[in-house]
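The two complexes that follow have chain A in common; it is paired with chain B in the first and with chain C in the second.
Now for the complex of A and B:
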């Protein structure tokens, strides 16, 4: 496991990082995906631009309207942040599932979204949470809504010389995440993230996203529409109202237009079949207020 | 074994080796960097079956920091054979052994084709990428049954149908007649999935050549230092005395560090060639590509059983995929797998035919259990199917056929001689622990632990009985008392997780009456320790433990004679008590063990005693010890997702006397974890072109802690009469018992006769949809 030769740069600020990126190379942040690729010699970028120590890119700023999370903030910092857990429980729950403690202490949220792994935990959570990704590039700064960020397997709307600087996530009342762990890699073979507010004791502004079964995280408009306006109490008991159960059963159909994603451990069609169960669990976790974690893991 | 309660033997003494292992202070092979070390890496075949047309090494040779690039002609020009030894004795053909570097043809994906030696790992890897190989592809066959068909590509001329060996154990025609005679014939077709050893530490070697002395020292990841010395001597064409093999700390073996691979041989050969030290450490992927892989049987079995449940005969035909080369005994190993087909049952007629077949896959060899899990899996699965077909409870059917305790020693119909056993108590203990009596009318079990049994999940219970052959071959054991009373114990076994530093010290401390702290246990140096056999096949305590105990007893007798002389008493009046030799009836006349040790090397010995206080024993047991047990599991299957939760797992094992119950429990835990890995997750998979898809831990699912249940362990104790300690092996019990236990539980939950491993969620869903 010896990487190919590369030049290493550690810029002092974001503009220097952008300048360096214009000369080619890849951004190194937590390195939890990139170093593995390098050591396996699956990539040979020649240059690494290390932004991992740029203090301006790190940190969590939680307010009542939402949370700003710096791109190089680690998963562990998100999990440990009371502000993140309270304002965007779906994101904290998803971050808690990434890798193992070592990975969570090194890997960064910006790197995760830019990597856009089809089996990543954060992309569906960011999509459900309606995150806005702030990006810096040679032409200045711009923002990309999560709805426009993910284009395919390891493909995003980011340009190669652009850098994620932070995410902004609006606060929501309830959020839940559930995932089926990949038996070999530990990634999310299938995942579902659910976010909504509670108005007059009913679901409002529901956003539901699924990952793993297709090449990019995708919103499930049919499920969203069905749970919108449902009294929270109807989701809390044993068994959902028939209408919602039916909508869940159609969850797989909602990803029909997407490129299927599967492997020999779990075919794409099997993953699609699992979607209803995991969306259901994500809703349950949102209602429980657990956000997630243990409740969402495959039992 | 002594009955005294203050004995160390039999008590759960904490493992002495753990502090160094857990704090990272232990030294493993890859930690060793001789000052002149160069680094070895292999160019591996990208093809599964191809002729090598040409290899261009020029670009690699020109790279800065590359010391040498080797291909087969370099090896052929040397005085060394450079072919790994193969046991052809029990094969029907004489295939060539595995060449250290491919000769003119590659037979599996990942086979070493060229070797690059460079200043460091980076340069070596650059060198590997600069080597270009031209292949002319041949047709590929990875399926052992397809490989036997007419027109299949042939791997070796001497085996035109790719069959390495057809072996028969027991008496197949007698078994078939007995089956025909029975009230009912029960049949099963099953696959035993292909596995890869996943020790935490990959294989590694550091070869150092002393040109002045013409001696080679190879420090390596070995379960069997003397075994590897012999194999290296064969591959390199050197006398064994010219090679020293050192096995330092080794991070898990499971069999794949007990046999010979190209890595250590190439490192040793290159160290002699360039007269500098050569280091090699396999990457995880290299370890997975090269194997050895394990299991991989396709089996058909028939059980003849009478209406009352009496087993009449068992006939088994199996095809084993032994891969692209015979590696040591790997190709002949499946030929004796049938020896355990009788499991715990009195089956009057058993016959087993095994076909070992070459295919374009990594070579096959032993992996924790090595044939035992494959055999027990067949028997336990077909017994479950028989119970289902006969409508007899699975536990009751087993009980009716178990060999009773007064029948031992018991000769099975496949020729195994069981030493001792008392099977029913272990079965009853497990049934009680798991709450088997709470079985309901519809065949499901009221889960004892589940807090929500009405959660829509399907529940099932599985039980599997087993026997395990343990402890073959001889072992060396040395006990050396130093003048200050300190003791060095050495054995030809090797501990890479088994805890010998603790167990051997417990045994010897009791024999000599000295504290464990005074005892230093040494293993893993072929120069320092008399020729031994090594650690595999659940053999170490039986053979190495007995050898060091016999040496300790010899030392104690001599110490007693020295003490008697010093105390001016008759030998028979002197006894070792509380760390000193005392004269019977005269408590003030005593001499400490330390004083005796000093006397042994100084003046004051009687004329008929030679100086020195040490003994060497080469111990071989009186026969195989058969450990046994019964395991049970409760599972809950979620029909919506196919997820299987193991709600409870109970293991009742009998390994005879236990030197250290905590270590016994640890061995059961590890084995069960690996057995659950086989049952639920693990499988080595090749694609149609013979490329190994499961070539990393991201692709090959070794279970993580969170995927394993709490393992509840209990034991019964039935001593073996075949060794002085009364012990039986325990190392492989879990890998034998867990697969049929888990598959039985899931089949019960799904209400089907059988499901093949691994029990992936997708497979479970497929079964539910049928």
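Now for the complex of A and C:
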């Protein structure tokens, strides 16, 4: 399979990249989604603007307050970063599940969020972690909170001539990710990301996001509300307090109000039934600090 | 349609090629005579096209040749030459795959071997679970994976096997 014909540009800096994008085309970073789309002829942009070598867009700056991650930073670089694992464990846990080692060596975090795959691992993690996406465009720079970034399947608040430059994620005390692997694609059929701080030994500032079962990652407000203020010890034992169990059972209802997502392998209703179990696992992973877990066989 | 004159360093040799913008790395390599990397699923799933770019395992069907301009590429052809006997002696990974019956039709083997080399360079003593996880991006439709995992596991236990894999 060959991609359709296109012109390839490799700008020397961000402003040149923006100028080129204003003339049409798509941003090429790691290419791990885009190249496959091109070969399947699902997209025919005519021009590719390769930002993969722009050093200003790459790298990790981790501190105790939070982490800045350049858009072209690879998943592998995030997984290998002690700073990412310590400050924003949910993000490291999700990045660890993307694709396979080869894909993680080239796929980039900015590309992943801009792609907004409903079954992507990073979107729910970025949402739970309260990430802010920094964007450059013809009118200058702006920031988009993760809460406003995802609009639907492969749809974001980004304009076509805008470029993701970096992500800024505040540090959290506990973060966990869990997913059910899609047996055909290896993507996340259902995923959940949980982030909170611990104040007076209780959950504070909880953010819980779900993916896979919806066209775009959404926050599970009901679950967030119920775990907020719960003593961490109550989440660490066997079985959750009844009201939290009930809130988890209702996680599927929260998805129904959104845009349920399914495919020929796993219907939307099947995914919503699975969701509570994965939210529960994500909470457990956040508590025990293991970060992540996966259900299902990969092959 | 635009074309690009690019230079790649492949297994230590400097190679030049004129490629279309859309030419995939795997096709450019094969056109240059490096037919070790195989064209399998072409969707980034099977890993038969796995090569190393600047020391990292990469699927050569999901990269444009022009993206890798100026970079160091290592294909399976370069692996055998790294042992003491030059190109005539198999690399320990290849030898072990042979001994452990880790291949049948052999189509996935170049990619499997290159993924294994990358794994052992990063983690010389991986667990069985870690081996399976690390070879997740490489499909084999013959062996059922058991012998492949066995081969890599025996390499992991043999501390000398990591040598020569960089």
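Here is the rule we use: the second predicted complex is superposed on the first by the 292 of 299 C-alpha atoms of A that agree within 3 Å, B and C clash if a C-alpha of one lies under 4 Å from a C-alpha of the other, contacts with A are read in each partner's own complex, and residues count from 1 in each chain.
By definition in this document, a contact is a pair of C-beta atoms (placed from the backbone, for glycine too) under 8 Å apart; a residue touches a chain by one contact, two chains touch by 3 or more.
In this text, all values refer to a predicted model and were calculated from it rather than measured experimentally.
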Q) Is A:99 in contact with chain B, with chain C, with both, or with neither (first, second, both, neither)? A) second
Exercise for review: Could you say whether A:170 touches chain B, chain C, both of them, or neither, answering first, second, both or neither?
Suggested key: neither
Which partner does A:273 reach: the first (chain B), the second (chain C), both, or neither? first
Looking at A:180, would you say it contacts chain B, chain C, both, or neither? Reply first, second, both or neither.
first
- Item | Which of chain B and chain C A:2 touches, first, second, both or neither | both
Inquiry  = One more residue to check, A:41. First (chain B), second (chain C), both or neither?
reply    = first
Q | Which superposed partner A:265 touches (first chain B, second chain C, both, neither) | A | first
Which holds for A:241: it touches chain B only (first), chain C only (second), both, or neither? neither
The intersection of the chain A residues contacting chain B with those contacting chain C is 1-5, 40, 186, 298-299
So, in the complex, the side of chain A touching chain C is made of residues 1-8, 28, 31-32, 35-36, 38-40, 48, 50, 52, 76, 99-103, 105-106, 186, 298-299
Chain A contacts chain B in the complex at 1-5, 40-41, 180-181, 183-186, 264-267, 270, 273-274, 276-278, 297-299
Counting only contacts in the complex, chain C reaches chain A at residues 1-2, 4, 20-22, 24, 42-45, 47, 50, 56-59, 61-64, 66-67, 115, 118-119, 134, 136-139, 145
Listed in rising order, the residues of chain B that touch chain A in the complex are 121-122, 124-126, 129, 283, 285, 636, 638, 640-643, 645, 680-681, 685, 693-694, 697-701, 704, 706-707, 760-762, 765
